[in-house]
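In what comes next, chain A is part of two complexes: it sits with chain B in the first one and with chain C in the second one.
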Partner chain A sequence: MEEEEWSQKVTGNQLPEVDITQPQQLRLRQPRLHPGMEEKLVLQFMDSMHNYLSLFDALSSILREGWLDLASARHSMGGLRINSSLLDMKLHTAATTVKITQYDDIAVDSIAVQPCFTLRKWASSEHGNSQLEDNNVHLRERDGIHQSSAEENAEVTVSKNLLGPTDNDQFSKERSKSLSTFGVLISPKLRASQLSFERALDVLVEIANMRSSVLYSFHQLHEEAEDN
Partner chain B sequence: MYGFEALTFNIHGGYLEAIVRGHRGGLLTAADYNNLCQCENLDDIKMHLSATEYGPYLQNEPSPLHTTTIVEKCTLKLVDDYKHMLCQATEPLSTFLEYITYGHMIDNVVLIVTGTLHERDVQELLEKCHPLGMFDSIATLAVAQNMRELYRLVLVDTPLAPYFSECITSDDLDDMNIEIMRNTLYKAYLEDFYRFCQKLGGATAEIMSDLLAFEADRRAVNITINSIGTELTRDDRRKLYSNFGLLYPYGHEELAVCEDIDQVRAAMEKYPPYQSIFAKLSYGESQMLDKAFYEEEVKRLCLAFEQQFHYAVFFAYMRLREQEIRNLMWISECVAQNQKSRVHDSVVFIF
Partner chain C sequence: MAGRVQIPSRSSALIAMIADEDTVVGFLLAGVGNVDLRRKTNYLIVDSKTTVKQIEDAFKEFTTREDIAIVLISQYVANMIRFLVDSYNKPVPAILEIPSKDHPYDPAHDSVLSRVKYLFSAESVASGRR
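Here is the complex of A and B:
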């Protein structure tokens, strides 16, 4: 279907449009690009690079906030209540996982592989909730590529407006369960640091996806340069 | 009524009161904190502390330093001062000094039990314990499966035994039960310490009653704020509050039903001593509450030194040293994390 659309666009003397939001679905067997299209690719590549670097800045500030909140919690509750010797060594499933999907097209001359990273937070929740969380993160990553400011990418609110109240309750319970390593009556600062590190995880996954997109765009440009 | 302590106190307590007042003179001043806050790294902090009473404890530590190392070594200074005073003390001062350490003992017990629940190595846990709270059979805590065994196997021979009467159940030890056990033990300890100080009478009873009442009230506020949004019920929360203090009993009734920080503020602002504390905070904020409470506590502890011939100076010294160590820990963390702009968020000046 997409190949037909592409052919129509070329036949109609229209500039073939590259849909950067779905890079994993692009076919690499395409005619030589119009010079204007090449510049557009370069601009999109530079935009992606800018967003990628901005995400790094955002990650750095979120992590700084998280570490300081953790130090503040240790200051408030005492070093005996927050230290590494309390971490649970019992075997348990990971609360958060990353799903990597490889999109590649083996039908073209050059194989382009673009991994897509999806964060699954609080995976011990009910399956339905985690699936909803997957979709929300995936949607946000697709939209995030076109966002001009990476700060907006960094402001992850887990699309709470798409989650019902029971989903939020479930996530709150999972967060409390995770923090119960340090006790039940814990300082709000420890909860704040947990949220900071959770946001950092979201940004890390966005960075991974952004990097994947940047590398893919670079690969396209490189191939175009070689063709020229 | 005071019992003419001036006539008899110095017979048994004069030497140690002089010692503790000398130690008080060694506490860090605002100038020391200003120098420390301008340090670029932890080695700079070590260099500045070498000119203080902590110098001998840090001088042999190799670089790179870690913030936990600084805290551990500074705590050794406190432990040495305490042990010197304890070995020189006679009754009832020796019992009074032992009471000061029971809080650390409770923390150590909970650390060992929690760590064992999480399948941690006992030796590793023992290394993390506070030195002031150590006792001989502490390692045996790891074999207990429930509170009854905890009491029967280990704690029956420790000073914490009387505090376990409200905790003994056959329930398995889990995170909630351990938390309730911690707070119930601490409540019983505070009430016992309070009664002991009342029995001593005189200036000790008067000053220690004020200090312990403040401690009980602060605990009540912290329990309330930390239990918001948790599974702890209102009744369970109420049971953890101590049965003395300015907030007892009506303030506790209000705190027990609070669901957010603003309701806590509304309950506390009815009490003039705490109105000034909450006046420093903006609505909905709880970040600076700890610092506000620490500042009030330091003010009261410093006032204890204004009177002579009582035991509260020993309690005040220990608590001021602990506050100083907390300050050093915070400054070290801010320096290590390159966040010196936040250093004044939690440092409480003592002088």
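Here is the complex of A and C:
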């Protein structure tokens, strides 16, 4: 019974029951796409797939650097100084979170929703972050479609370059606070590992956006294929 | 796009993790760790003693929590609960299968790619994995 409840929750199937003998109920289906729109969707789908796979390559490379630096730090500081038993189990909130903005098609089922994820790093500098994140969301909204990952990475770089000295100071403070879990005197490799995993988070949020684009355009194309 | 409405949603959602110790520690260094009043964390460290039931329970918990935006799961861990991962199809939280130190990312097992393979082939997803 428990499994059934979870299953119902996550499949998100909220389609109303449609009696196909009643033609007026069939109006709930989305209108057919124009031929030009369909090609645009196919291109968006292929683009998103390509970017999704490219981003995973980038992620693998960044994670490898992070693991290597972490292993080097463990080697120099000792295995007892870097392990999960030292993790802070006291009440604390995440310093790095994600903002979700949803683009909702006026549609029947939840699969047509296309969420957009934006990373919010080191929440103490929340005021500065929120302005930069809004800029990122605005840039993504242009043309109403997701841009290529290269352009998105360029946007992230531009937004990072806009960080003032105060933001960088606050980022440094938050980073030091996070590193202090493993003591005061820490290896530079541990700092390098932290930066690698921060970069990995940037890529992961991009992957989440690509995933949502792939699933959204797949859903639209699947509906079109069924109509045909 | 016509018919699309922007709805601002959650502004501080969490990133959950189900992965090996090094991956979890690395991401915790990046500031994603969260511990609530009931001492519940947003991560599960998988090691040799972790049972499949514990992984399933963590996955179900993270995918039904309202405050989680992304769930990172090592792909080799996802393979242990493949049925559950593949049956999940909500847009939020996003489930991302990530590589681990000993198991590189394999696109053939990714649940998103398995799902969209259907668009290119009339074969079922199951036959594609043989």
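Just so it is clear, the second predicted complex is superposed on the first by the 139 of 228 C-alpha atoms of A that agree within 3 Å, B and C clash if a C-alpha of one lies under 4 Å from a C-alpha of the other, contacts with A are read in each partner's own complex, and residues count from 1 in each chain.
Note that contacts are C-beta pairs under 8 Å (C-beta built on N, C-alpha and C of every residue); 3 or more make two chains touch, one makes a residue touch a chain.
For clarity, every value in this text was computed on a predicted model and none was experimentally measured.
Peer 1: Could you look at A:Asp88 and tell me whether it touches chain B, chain C, both or neither (first, second, both, neither)?
Peer 2: both
Peer 1: Looking at A:Val205, would you say it contacts chain B, chain C, both, or neither? Reply first, second, both or neither.
Peer 2: second
Peer 1: For A:Trp67 in the superposed arrangement: first (chain B), second (chain C), both or neither?
Peer 2: Touch partners of A:Trp67: chain B and chain C.
Peer 1: Let me test your reading of the model: by the given contact rule, A:Pro115 touches which partner, first (chain B), second (chain C), both or neither?
Peer 2: In the superposition, A:Pro115 touches chain C alone.
Peer 1: Of the two partners chain B and chain C, which one touches more residues belonging to chain A?
Peer 2: C
Peer 1: For A:Gln102, using the defined touch cut-off, is the partner it touches chain B, chain C, both, or neither? Pick first, second, both or neither.
Peer 2: After superposing on A, A:Gln102 lies in contact with chain C but is clear of chain B.
Peer 1: Check the residue A:Ser76 against both partner chains and state whether it touches chain B (first), chain C (second), both, or neither.
Peer 2: So A:Ser76 only meets chain B here.
Peer 1: For A:Gly183, select first, second, both or neither according to whether it touches chain B, chain C, the two together, or no partner.
Peer 2: First partner only.
Peer 1: Kindly classify A:Ser172 by the partners it touches after superposition: chain B alone (first), chain C alone (second), both, or neither?
Peer 2: It touches chain B, and chain C stays clear.
Peer 1: Is A:Ser196 touching anything from chain B or chain C once the two structures are fitted on A? First, second, both or neither.
Peer 2: Second partner only.
Peer 1: Overlap of the chain B and chain C footprints on chain A, residue-wise?
Peer 2: Residues common to the chain A contacts of chain C and of chain B are 67, 71, 83, 87-90, 181, listed in rising order.
Peer 1: Show which residues of chain A lie in contact with chain B when the two form their complex.
Peer 2: That would be residues 64, 67-68, 71-72, 74-76, 78-81, 83, 85-90, 172, 176, 180-181, 183-189 of chain A.
Peer 1: Touching chain A in the complex: which residues of chain C?
Peer 2: 1, 3-15, 21-37, 39, 41-42, 45, 60, 63-64, 69-70, 72, 87-92, 94, 96, 98-99, 101, 104-105, 107, 112-113, 115-116, 118-119
Peer 1: Where on chain B does chain A make contact in their complex?
Peer 2: Chain B reaches chain A through residues 68, 71, 107-108, 111, 114-115, 118-120, 124-125, 127-130, 175-176, 178-179, 182-183, 222-223, 225-227, 229-232, 286-287, 290, 326, 329-330, 333-334, 337, 339, 342, 345-346.
Peer 1: Note which residues of chain A are touching chain C in the complex, please.
Peer 2: 6-7, 9-12, 45, 49, 52-53, 56, 59-60, 63, 66-67, 70-71, 82-84, 87-106, 110-111, 113-115, 117, 120-123, 141, 144-145, 174-175, 178-179, 181, 190, 193-194, 196-198, 200-201, 204-205, 207-208, 211-212, 214-215, 218, 221-222, 225
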